[in-house]
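Note that the chains are named A, B, C and D in the order they appear, and that numbering of residues resets to 1 at the start of each chain.
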Amino acid sequence: MSALLETIARVRKDVCELHAELTRYELVVWTAGNVSGRIPGHDLMVIKPSGVSYDDLTPELMVVTDLYGTPVRGINTGSGGTVDWGNPDLSPSSDTAAHAYVYRHMPEVGGVVHTHSTYATAWAARGEEIPCVLTMMGDEFGGPIPVGPFALIGDDSIGQGIVETLKNSHSPAVLMQNHGPFTIGKSAREAVKAAVMCEEVARTVHISRQLGDPLPIDQAKIESLYDRYQNVYGR
Amino acid sequence: MSALLETIARVRKDVCELHAELTRYELVVWTAGNVSGRIPGHDLMVIKPSGVSYDDLTPELMVVTDLYGTPVRGINTGSGGTVDWGNPDLSPSSDTAAHAYVYRHMPEVGGVVHTHSTYATAWAARGEEIPCVLTMMGDEFGGPIPVGPFALIGDDSIGQGIVETLKNSHSPAVLMQNHGPFTIGKSAREAVKAAVMCEEVARTVHISRQLGDPLPIDQAKIESLYDRYQNVYGR
Amino acid sequence: MSALLETIARVRKDVCELHAELTRYELVVWTAGNVSGRIPGHDLMVIKPSGVSYDDLTPELMVVTDLYGTPVRGINTGSGGTVDWGNPDLSPSSDTAAHAYVYRHMPEVGGVVHTHSTYATAWAARGEEIPCVLTMMGDEFGGPIPVGPFALIGDDSIGQGIVETLKNSHSPAVLMQNHGPFTIGKSAREAVKAAVMCEEVARTVHISRQLGDPLPIDQAKIESLYDRYQNVYGR
Amino acid sequence: MSALLETIARVRKDVCELHAELTRYELVVWTAGNVSGRIPGHDLMVIKPSGVSYDDLTPELMVVTDLYGTPVRGINTGSGGTVDWGNPDLSPSSDTAAHAYVYRHMPEVGGVVHTHSTYATAWAARGEEIPCVLTMMGDEFGGPIPVGPFALIGDDSIGQGIVETLKNSHSPAVLMQNHGPFTIGKSAREAVKAAVMCEEVARTVHISRQLGDPLPIDQAKIESLYDRYQNVYGR
C-alpha cells in the first residue's frame, strides 16, 4: 500500500512540474492546457485540476482519477481504513475524459498532454496534416503529424478520435480538427516533449511554406531517420 | 464606511496585480494598455494611472473615479469628516471615459480591459471580425469576435461603439476599428482573461488563414460549446 | 564644474539603464543596438561602448564623446587640473557618428536610439514606409513612418539621411533603407519609447497587411489624434 | 600537463555557459542544439552531452572527445599516471561527428554550433539561400547565407556538406537542407554569435519578403561593409 502511495506522490510531483514546460515554451495561455500521467500498474491517473493557474499548481492539487475520469479521493488501505487525499473542491481538467480514454485503450501510454499551441492549432483549424519535411520530424514523428476528426467535448468522441488516428501512425501527436494537439508518450515527460516538438515543427513548416514549397524527404530516408532515433540512438 | 474602504483597497490591489497578466502575455508595450474594476454597489471604479510604467504600479497608485471618469480623491465618512486617498498628481488612464461609459450602460460588467495586442489590433486595422473556427472560440466567445466603429478619443464615441457592439453578441471582446480590442467581464479578472483569449484566437486564426481557409464550425455546434462552457461547466 | 560632473553621471546612468528596455522588448540581439543621450548645455553626449554585452553594461562603461564622436576621457576643472573618467580601452559604438550628426543638427533632440528591430528592419529592407492605419500611430507618429536613404557607415551619410528625413516629418522614427530604424526624442527615454512603439506598429501593420488591406485613416483625423496626444494630453 | 587541464576546464566552462545564449535567443527547444569548442593545440574538443536539459548543464558534464568524436575519459599525465574526468555515463551529442569533421578539416575554426532555429530551418527546408539584403548581413556574413546538401546522420556526410559549403563562402553559417543551421567561428563564442545573427537575419529577411521584394544591395557595397566590419573595425 505504501508503495502505491509513494507512486502517486511521485507522479503527482512529475505531472505538476511538467506543466512548467508548457508555459516555458508558450504552448498554453491562462489555464488552457493540461498534462496527465498514468499510475503504473493501477487503473489510476493523475491530471491537472480544472481552472487553476499554472503559477498556483502544487503536487497536492493534482487530481487522482480512475480511468473513466472519476476522482478518487482516498484509497482503502487494505486493513479496514482509508487514506484520504486530494482537495474535494477541485475537479479534474475538463479534458479528463479524453485522457482517460487514451489510457484505457493504449496500455503502452504513460502520459498524455493537451494544448492549444498556436501553430499546431492553426494547422488543426484547416484540418491539414503537417508534412514531414524536416529531419527532426523524421526523428521524432517518423512521418507527417496527422489530423483527427472534429469532435465535441462531453462524451468519448475526442478520445476515440485520438486513439483511432494515432494507432495507425508513428506520430505521438494528433491535431484534433478545429481544436488543437493531443500528444502521448511512454511517460508524462515524453508526452510533454512530443507537445514541445509538435509546436516547433508546426511553426517551422508553416514559416517555410509561407514563401514557397518545402522540399520533400523520401519516405525511405524518413524511415531511416526514425529507426535510428527510436532504436539505435536508444530513445 | 469601513466596508467601502476595504472594498476599494481590495479592488485597487486586484486591478494593480492584473496588469502583470498584460505584460506576461505580451498584450502591451510601454504603458499602452489598462485594466479597470468596478466598486460593487457604488458608482465608482478603479483604473490604471496614466503614463506610469507597469513595473512601477502599486495598489495606492490606482486611481478611483466616478462613473464619468472624474477622479474621487477622498470620501465623506458620514460623520462630518473625510478620508483622503489617491495621489492628486496622477490622472486616470486617457481611456477612462470609455471604461466609464461601459460601466454606466452595462450594469452586469465588473471589469474592463483595453490593449493594443498585436494580432487583435491587426484584425481591427482591416475592420474584419475574427471568424469562430476554433473550439476554444466557441467556448469563450460563442461566435465571431465583432468589430466596433472607428471612433476618436475625447468624447463618448468609443464607449458607445463598445456597448452597441457587445450588447448584440455573446463575445466579451470587441475590436475597435483601426484601434484595438476592449474586453469586458463580470470581474476585472474575467475581463483580463477575455483579453488574453482574444489575442490568442486572433493570432491562431490569423496564422491558420495565412496558408488557406480554416474549416468552419456549424453554428449549432458553436452554440453547444458555448452553452456547455458558460453553463454546464459553471463559468 | 561639479554640476557638469553630476549631469554626466546622471546621463550615464539613464543611458545605461535604458538599454534594458531594448532587450526587454526584444529590439536587439547580441550587441546590435545602442542608446545615446545629450549632456544638456554642453557639446557632449553619452553612448554605449562598442562590443559590450547588454548584461555587462554599467554607468561607468558608457562612453562620453564630443558631438563629432571623439571620446572625451577627462575634463579640465577650470583650476588647472583635470578629472579623468571613462575606460580608455572602450570605444564608443560604431554608430556614434550617426548619433553625433543628429545632435549637431537637431538641437531639440536629447536622445537617439538605433536598433535592427525585426519588423521595422523588414519594412526598411523593402524601402517602404509604414502607413498610418492605427490610432496609436496617429498619436505617436502623426502619420507614416518614413524611409531614409541607403547609406554606408564610415562618414556622415547615415546622419545626413536621418536628419533630412525627420526634419520634414512628425515622426520621431526613420527606417534607414536596408539597415534599420533610428529614433529621436527630447530625452533618451523618449527616443527609447519611440523605438519600442516603432517596432510595435511595424509589427502590427505588417500582420494586418498579410491578410488584406488595412483601412486608411483620414489625414484630418490623424492630425487630430496627433495634436491631442502631443499637446492637449501633455506629452 | 596542468596547462592542458586548465585549458580543458576553461573550454568546458565556456562551452557550458554559451548554451545559455541558445535558450536566451530561443534558438533551441528541449535538447535540440549544441555548442562545441576546440582545445587549442590539441586534437581534442568539448561538446554538450546528449539528452541533458539546458537547465542541468554544468562544466563537468561537458564531454571531451578526440577529433573523431570518441570520448576521452582521462589523460596520461606523462609521469606514468592518468587524470580521469568526465562522466562515463554521458555520451557526446548525437551531432558530434559533424562537429569533429569540421575541426579536422578547418584548422582555423575554434567553435561550432548547431541548432534548428525556426527561421533559418524554414529557409533550409526550402533549400533556399538567404539573400544579403541587410547591412548587418553584409557586416557579419559578407553575402548570402548558403545552403548545404541533404545529408543523413550516421557518417561524415553532414560534416563534408558543411565544410564544402563554407570553404567557398564568407559566411560562417550554412543551412543544411531540410535540417538546420551549422555555424563556425574562431572561438565557441564567435560561433554562437553567428548562430544568433543567422536566425536574426533569417527572420528579418523572411518577414520582409512576406510583403514584397527586399531591395538588393550592390555586391561592391556588400564587400565594403564586410571588409570594414571584419578588418578596419577589428573583428
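Here, a contact is a pair of C-beta atoms (placed from the backbone, for glycine too) under 8 Å apart; a residue touches a chain by one contact, two chains touch by 3 or more.
Protein identities per chain, from UniProt: A, B, C, D = L-ribulose-5-phosphate 4-epimerase.
Keep in mind that what you see is a predicted model, and the values were worked out from it rather than measured.
Chemist: With touch defined as above, tell me whether subunit C and subunit D contact each other through largely the same residue numbers, more than half shared, or through different ones.
Modeler: Interface between subunit C and subunit D is built from largely different residues.
Chemist: Nearest 5 degrees is plenty: how much rotation brings the CA atoms of subunit A onto those of subunit B?
Modeler: 90
Chemist: If every chain is reduced to the average of its C-alpha atoms, which one ends up farthest from subunit C?
Modeler: Using the mean of the C-alpha atoms as each chain's centre, the farthest one from subunit C is A.
Chemist: What is the distance, in whole Å, between the centres of subunit B and subunit C, each centre taken as the mean of its C-alpha atoms?
Modeler: Whole-Å distance between the two chain centres: 33.
Chemist: By the touch rule stated above, which residues of subunit C touch at least two different other chains?
Modeler: Only 210 qualify.
Chemist: With touch defined as at the start, can you tell me which subunit A residues reach subunit B in the complex?
Modeler: Subunit A reaches subunit B through residues 29-30, 32, 94, 116, 118-119, 121-123, 125-128, 150, 152-154, 177-180, 206, 209-210.
Chemist: So in the complex, the part of subunit C that touches subunit B is made up of which residues?
Modeler: 25, 133-136, 193, 196-197, 200, 203-205, 207-208, 210-215, 217, 221, 224-225, 228, 233
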